[in-house]
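The next part holds the structures, each set out as structure tokens.
Across the two complexes that follow, chain A remains constant while its partner is chain B and subsequently chain C.
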Partner chain A sequence: MALAQKSKTMIIMAVMLGLASVIIWPQQFAWVNNAPLSGATVLSDTINLGIKSFVASFKPALRFIAGGIDAGVRGLQVTLHTIPWLMIVALVGLLGWRFKSMTLAIFCALSVLYMAISGHWFRSMNTLAMVGLSVPLALILGFGLGVWGAKSKSVHKVLMPTLDLMQTIPTFAYLAPLVVLFGFGPVPGVLASMIYAAPPITRNVILGLKQVPHDLYEVANISGASSWQRFIEIELPHAKHQMLVGVNQTVLASLSMVIIAAVIGGFDDIGREVLVATNKGSARFGQALGAGIVIVLLAVVIDRLTRAASESRATSVHLPLYFDAGVLIAAGVIGFIFTDQMDGLTAATATTIRSIEASINQGLTNFIGDYGLLLDQIKNNALVYILLPMRIGLAKAVLPFTWGVSFPPMMQNIYLLAVVGLSLFMAIKGRFTLGFLILGFGLVMFQGFTFLPWWMVVGSISYIAWRCVDLKFAAITIAMLVLITWAGHWQDALYSIYLCTASVLVCLALGCPLGVWAAKSDRVSRVLAPINDTLQSIPLYIFLIPAVALFQINEFSALVAIVLYAIVPLIRYTEHGLRHVPETLLDAATAQGCSRWQKLIHIELPVARPTILLGLNQTVLFALAMLIIAVLVGARGLAEQVNIGLRDANTGLGLTAGFSMAFIAIIADRILRGWAASLGETNDISMDG
Partner chain B sequence: MKDLRKLSSVLAAGLIGGVMTVSSASALEMGSSYPIKLAVNEWTGQHLTTHIAGAILERAGYSVDLVTAGYGPQFIAMAEGDLHASLEIWTSNAPGQFTEAAAAGKVIDIGGLELEAREGVLYPVHMKEMCPGLPSWEALNACADKFASVETLPNGRLLDYPADWGSPGKDRFEAMGMNFTSVPAGSEGALITELEASIAKKSPLLMTFWQPHWALAEYETEWVALPAGTDECYSDPSWGVNKNATGDCDFSPTRIFKTTWAGMGDKWPVADQLLKMYTLDAGDQQNMMAAVDGRGEDIKEVVAKYIDSNASAIDAMISKAKSM
Partner chain C sequence: MSSIPKLECRSLWKIFGQASDKVCQQNHDNNDAITKAAIDHGCIIGASDVNFSVAPGELFVIMGLSGSGKSTVLRSIAQLHRPSIGQVFLDGEDLAAMSEKDLMEIRRRKMGMVFQNFGLVPHFTALENIAFPLKMRGENAATRRQKAEEMLQLVGLEGRGQSYPHELSGGQQQRVGIARSLAVDPEVWLLDEPFSALDPLIRRQLQDELLALQSTLKKSIVFITHDFAEAVKLADRIAIMRDGKIIQQGSASDLLLHPVDDYVRAFVEDVPRLQVLTLANIMTPKTNIKAASKALTLDQSTSLEKAMLAMAGGVKNIIVTDQGKPVGEVKHSDIFNAVQIAET
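So, the complex of A and B:
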């Protein structure tokens, strides 16, 4: 036993020394460091050809479908524009009141009222018309897939990775082919949002159907129900609650994607308004924000209403329905009769809101003027001491005019000796994981992410995949990474991984403490909740303006934009996890005389760790999604390739880069979920509905 | 000169008016209620160009739809006839989708907009205090370190166009051997935001930019005086500071052109003629941009004013197109 332990240590130490030497002398080991497959354009060329021939043969059929969807959107658009806004305000208020409470009613009515008086009514309704078509389509598609997947094991096997891809391939990668296939106008946006929004309902349908207790099936069989009857009478009602959770998620996903799809144009919607305002720089930040707030309100109202409807709590409203009808008709009649006055009113309020937006612009400009030097210092320090070394390595980043000192070969050797020595020491002590971590971190900082040899990346990621998931997934991981290389995206992928890692580390450093604070203080929690809601539903483009205005175009701005968006799940899950630590554990700790800190460090955080990891998982996925938008302020890598593909109609380039991003997301997602599951019971927010 | 031209076109219009009955075929075509769809891209100058073209077509009796469309993706739509014209395409950043659709004969370059454009490298005027020799390029090169940022040290930083527009600033500066490292901007909004932040902070900035642009009407900037971008410079390596490279000089003049769907001429011959004749003056466009973006006026009113003050010339153009 002791001998076996000793030889294991020896082997591991040999592996470590091998790793270290190959990294320290890259020239001598050039043969191992060269990428296994040189990037080829075969893949993207084939895709481009395939799309062309597909269009040639299926265009009439596809255009027929597109015509139907187009007519639907335009019909809905005309309807929404004909109905007086006062009537829609009343309708939303009544729904909130019937579904839940007067508070919700007032909130919803005021939100919709703001859309009218801020002068964004026309475009908001256009967006709503697109959502109005894409949601039913997503629900039909998602429900069908879900039922099929729940009934058939082989379908389930294919379906799961497909759903992952639908949610992780950036929409920009397939917008251009959608335009080619379905023509211009609102249809590509509707379809893109359908693809993105279907998976949540599918997942929840599968989950709901699987949760049907087994004895219910037996009851059904005994009573001689046909499989159709069983499905309608037993399974569906039982899975209903879970499905409604899915409906809520699908609606929100659809809205967010309709906004993103505005980049191709074709429909004068509110997302386009935000995009155009974003294009005008910080002097129009107020306008972009103003239009962005409309989208936030739209999302929050839809979210609260669908959730309230799905909970279908009996309210204290005992008035008959014709009261509602009366209110609606009254609002409609007033709206029609006083159309001109109403228009005058909204024009006046819109002017006021424009001037508020202008003062926001002025405020931002003043802030930049006053704090410019400080901001520059923050940016420069972050770039010089953290981001540059991570990207190109300490050896290249430490220069007299950045760090104020040089990093002579002598010092580099000492650094490397220290890293290798420390990791070997840990290995001798039997702490192999820590040893590898020190070695990995030390060498990554020395060499830089973008100069890492391919075998080390593929090797370590697939090793982690093996330990956290299983051997099969490790094999899949290797296959996916090799595909990325083959498509010619290896360097881009390394860059994307680097920027994503840096952003996620910042999210961890800021998000976890915030989550802990929110868990400990109800007041902080109440302040953070609406901020989190806003950060999550605001159109991603909006983050870019303050990031650039404060920090100019560089990776740090990209990082700031990514962190703003991706930090939210980490805060939420940390708070959620800590708040669900069993009382009994805490009481026991108190009885033992633990201080608040001891309780936090030794009891609460370890118990909440699986839940926090789920939050981290979400954060990683959000950061990858935000990379696409961060390209506009200085991020490079895969996301930049996707953007170029969209712009140049190079579908092959866009799709291969998009798939590469999806692969990275899937690998990260599986590993983190596997890790969380191995730590114990998780407490997922989304399962709470 | 301008007045003389106007006069002659009015005379021509009078003559043509006499033979209007001949053009009944085009009158029939005018009756078509199917709208001509013009693409509205992402920047205000293009909005004005398109709104004015739309107003001219409407004045000629057409029904016009202004459709928002991305600068790149619009050509997929135009190749299919889902969109019919896009009227402000810059050679310097014409998207790959245009090149492809034009090569396939599905989209046509119908001629220049005659919007006098300029591209170059510029800086906010406060940089003159830090680098007194400006705008001379030799002086700029000598104080490159004043323009440095931590990513580009010891070189200066040149903020170039977004990567997918190409990198003309970098190409010029590399050919000239300037002590600058270029950084691509992500978007037009990012470029402008940097300009605004630089002015607010009095911080260094050197960027590739273009005119007409509303930001140049709003902020004080100056172009760097590079050696003239002549044809010889772009064809003869031995010309200029770098004896081994072409393009070691200022940007070559940018052409801005109009494009239509290939089927435009058959479906709406008169409208096609009108769009071919349509031109816009850079000064006019920049003034209107300042009205829309600077003073927050409604674009429809700004365009209506322009149409009113040019009514006779436009009417002459319309009658000329109908007679062709």
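So, the complex of A and C:
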């Protein structure tokens, strides 16, 4: 036994030394570190050719579909522009009132009123027209798939990974082929939004139908129900609530995607306005913010209304429905009769708001003038001391020009000796995982993320996949990573992993403490909850606005935008996990004389760890999703390739890079979920109503 | 059996597991061969060679501990899961061989079932729950409503029709379950541990109501329970199950007086014999009886307990009658002997 342990230690130490030497002297071991197989552009060229011939042979069909969708959007657009805005204000107010409360009614009505008087009405309604068409399409598609998946085991098996792909492939990636197939304008946006927004409703339909208790099946059967009657009378009503949760998610996803689709242009919607203003940086911050607020309001109103609708029981409102009809007609009539006066009013208020935006610009310019030095310092410190070494390694990053000191060979050797020595020491102590972590971290910091040897990345990731999931998934991981290299995206993939890792580390450093704080203080929790809700329901673009305004366009802005979006799940899950530690366990700890800190460290965090890991998983996925948008403010890597693919209508490039990102997301997702599951019972909040 | 059975299970088997089809397709010489094949294929035997019949209007109780296969048998009768081997005859028609479509018709007209956990549909009101089977068979709204109200009254829940299941107590929920199962006027009534989830007082109350209902409705009933006292109270005949097999069936007093093995004996041990046994069980048959001076005349269905109370005045002999005619004789000592057997 002792001998076996000893030889195991020896072997592991040998492996550590081997790894270390190959990384420390890359030139000497060039034969192992050589670039892996790469088909360069073979794959993307093939895809491009395929799409081209597809378009050529199916032109009439594609034109027909595009025509239909285009007509639908235009029709909705004209309708929304014809209806007086006063009537829509009244409508959302009434809906809020009927579904929930007067508070919601006032909030919704005021939000829509702001859209009207801020001069964003026209573009908001254009966006709404696209959402209005893509939501029913997504619901029909998603509902059909969901029912099919719930009824057939074999369909379910194929559907689940497909849904994962539909949600993890960066949305830009399939915008490219959609543009090639259907041309510019609103059509690819609507279709992309349909693809992106269908999975939530599908998932919830499946979940809802699977939650129907077995008892009720027997009751239906013994009552002589046919399978169709059983479906209509028992299963659908039983799954209703879960499906409405899905509708809420689908509508929000659709809005988010419609906003993102503004990058393809050709349709004058609110997303386009934000995009254009954001790209102009701090000079147009006011405009970006103004339009951004409209998008946030749109999202929040839609979110609250659909959520209230899904939760609404018998309302306390007893007035008959013709009261509502009367209010609507009155608002409509007033709107029509006083069209000119209304337009004059909104024009005046819009002018006022424009001037406010201009003064915000001025204010920001002044702020940057006053605090620019500080902001630059923050940015530069982060870039130079953290991001740069992570990316290219201490050996190359530490120069008199950057750090103000040099990193002489002597020091480098001491550093390396310390890292290797410490990890070997840990191995002797029997703490192999810690040893490997120290070795890995130390050497990655030395050589840089983007210089990591191919075989080492593939080897360690698939090893982790094996330990956290299973051998089969390890094989799939290797296959996916090989595909990424073969498509010629290896360097870009490494860069994306690097930026994602950096963002996730920042999220961990900030999010976990915030989550703990929220779990310990109800007041903090009450403040954070609505902020988190809002951050989750607003479209991704909005996060770019403050990042760009404060830090211009560079890697750090990208990091800031990613962290803003991706930190939310970590805060939520940490709080959720801590708050669900069993009371008896805490009492037992108190009885044994634990201090608050000891309780937190030894009881609460370990018990909550699986749940926190699920949050980390969400954070990683959110970070990867944001990465693609963050291209617009200075991120590079795979995301940039996807963007180039979209810009140049190079479908092959966009798709291969997009799939590469999806692969990374899937690997990360499965590994983290496997890890969380192996640690014990998790407390998932993602499917809560 | 004097009359033609309403319901009959003939060598019924239910084998669970992925290879169950394979096991059933093979030809087996005898029951042991089936059992062996099932175990060899990693299957679990839910019911094994179950045979019994239920006469029209009879209340047949299947009793056994959890895992004994009693629910499996009931579900096999209802065809909620199809039997692996064997037949289930309802009015001479084999349900096990019937198509789903024909079964649907049978269930819509001839069968009602009550579930242990009530099985109420949470998004239906009590009335909608009761009317559900009627709706399934296409009755119009007015008929459904009228019939459901009637049923609600039958189970004593007038006025609670608009309540949702979660607004009702457990006992009330099961009343709704009973009303629903009776809504289609079934001929066969299947009850799967209907009172097990209720507290003792409500349980006793519902048992009494069930007996009262049955005295007028005269359904052919298969009633599942794990409570022997409940079985004794309700049953015309009882079958005791263990490991998927029926190990004995007969009237309560049969089981009491002639248990086939120690397992059955252990079950009947706690049963109050004075209440279960009747004069018919212990009398010495005699048709020519002289009316002795101190003799007492009692019907043969009188329980020993009542007979003893009647004898408290120092009566030594009882003349047992059936519909007024003397059929036998019971001595004072016979009653004590019958109780004493129980004690040994």
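One rule holds for everything that comes next: the second predicted complex is superposed on the first by the 632 of 689 C-alpha atoms of A that agree within 3 Å, B and C clash if a C-alpha of one lies under 4 Å from a C-alpha of the other, contacts with A are read in each partner's own complex, and residues count from 1 in each chain.
In this text, a contact is a pair of C-beta atoms (placed from the backbone, for glycine too) under 8 Å apart; a residue touches a chain by one contact, two chains touch by 3 or more.
All figures in this text were calculated on a predicted structure; none of them were measured in a lab.
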Next item on the list: Consider chain A as the common anchor and indicate whether chain B and chain C clash or fit when overlaid.
Entry: fit
Check: Which of the two partners, first being chain B and second being chain C, lies in contact with A:633: first, second, both, or neither?
Finding: first
Checklist line | Which of chain B and chain C A:648 touches, first, second, both or neither | finding: first
Notebook entry, point to check: Of the partners chain B and chain C, which touch A:267 in the superposed model: first, second, both, neither?
Noted result: first
Next item on the list: Mind computing the angle chain B to chain A to chain C from the CA centres, in steps of 10 degrees?
Entry: 150
Next item on the list: Figure out whether A:533 sits in contact with chain B (first) or chain C (second), or with both, or with neither.
Entry: neither
Margin query: Quick one: is A:303 in contact with chain B, with chain C, with both, or with neither? Answer first, second, both or neither.
Written below: neither
Check: Touching A:164, do we find chain B (first), chain C (second), both, or neither?
Finding: neither
Notebook entry, point to check: Which partner, chain B or chain C, touches the larger number of chain A residues?
Noted result: B
Margin query: If we overlay the two complexes on their shared chain A, which of chain B and chain C does A:216 touch? Say first, second, both or neither.
Written below: second
Next item on the list: Please work out how little space separates the C-alpha atoms of chain B and chain C at their nearest point after superposition, in whole Å.
Entry: 50
Check: Where on chain A do chain B and chain C both make contact?
Finding: none
Check: Of all residues in chain C, which touch chain A in the complex?
Finding: 75, 78, 80, 104-109, 111-113, 115, 117, 119-123, 132-133, 135-137, 180-181, 184, 190
Check: Mind pulling up the chain A residues that touch chain B in the complex?
Finding: 175-176, 179-180, 183-185, 263-268, 272, 275-276, 278-284, 354, 358, 365-366, 368-369, 372-373, 376, 380, 383-384, 388, 399, 401-402, 544-545, 548-550, 552-554, 630-636, 640, 643-644, 646-650
Item checked: Footprint of chain A on chain B - complex, ascending -> 39-44, 67-77, 80, 82-83, 95-97, 100, 149-151, 153-154, 159, 162-164, 183-197, 200-203, 215, 218, 293, 296
Item checked: Touching residues on chain A, where the partner in the complex is chain C -> 215-216, 218-219, 221-226, 229, 233-234, 237-238, 240
